[in-house]
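Reviewing the structure listed below.
Letters A, B and C name the chains as they come in the text, with residue numbers starting at 1 for each one.
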């Protein structure tokens, strides 16, 4: 059993958008030399998250951002004074951690799936902690 | 340390519903012969998810579907042209991965808990990737 | 590879609130003597959840509770008769499981991050299953 850790970085460009990080993660798996096991992703930020969704039609990621904005708008009732309370809520609704499976030395993803870093309060310089383990 | 992988299949019957997969997962744990460790579930679809909730009163699962429909309706503002953008958003809100604990050769669940496959754009033939590992 | 399990307990005080459990979890990591690996948290309840968010300004946790209440109110259309259907939905939206990384014998968290137990139907006596594993 081997553990391989990496910290990826990402410069986000706008206040809210999803970034496809699938290729970066497949690289980590290759680097790790792990054939069978898991890849755990952890986002060390409180206004960003990680998810899996369709990466063929880029409109899916845009619809997600729009839907979250409609449900969790910048509400004057929020008490957190930095103006980004909505981003903190979105971060917990989507979630900071994700566990993927590694099989045959690659991430086991569905045909239409990609992994997305979700920026809810950018632009910022972001980190993504990755831990691959297995045999 | 042993890793046991399986891909379960499920034929969903309607557009949106939750399916109790607890018994299928307990079978995987039994098959794996693992006494102590974890069971990782990954859904390789972009309009479905996995969660844990009450499986005693079937109304809980129905309330969940209804509540998600109210919050994330089929909005004409969605740009994804297949008419299932709402299902993509729900999939990320509930999430594609879940990690459960195995103890004494069984899933460690609370008294009222069951594991549910969440269909948001059925009926479809679905897969559930399962990885049990431990000692 | 070592696996260390613990069940933490928590008495919640009100119907809905977030509780910072970061210090309790760091203690588990210390107890486990694991230097590198993962900490998996599982909540064995159907009206509670676990998340990561900012623990510097306590208003962030209050804003989260308020935002979830606005989006998922106690709706008369809910069929579950116990009056806590909203809490079941919130539990699945935030999620029952969380995987954190252990590095240098501590939880690898961002500067502003803390781990929160989310009570949605208290006050109750709650359990938190924790599994640390690694080397």
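General remarks:
Here is the rule we go by: a residue touches a chain if its C-beta (ideal position, glycine included) is under 8 Å from a C-beta of that chain, and two chains touch if they have at least 3 such contacts.
What you are looking at is a predicted structure, and each value in this text was computed from that prediction instead of being measured.
Shared contacts of chain A and chain B, meaning chains that touch the two of them, come down to C.
Shared numbers divided by all numbers used gives the overlap of an interface; between chain A and chain C this overlap falls below half, so the copies present different residues. Centre-to-centre separation between chain A and chain C, using Cα means, comes to 20 Å.
Those residues of chain B in touch with two or more other chains are numbered 1, 71, 93, 95, 99. Against chain C, in their complex, chain A makes its touches with residues 1, 3, 5, 40, 42-46, 71-72, 75, 77-82, 85-86, 88-89, 91-93, 95-97, 99, 127, 129, 131, 133. The touching residues of chain C, counted against chain A in their complex, run 1, 36-38, 51-54, 57, 59-60, 62-64, 66-68, 70-71, 93-95, 98-101, 103, 108-113, 134-135.
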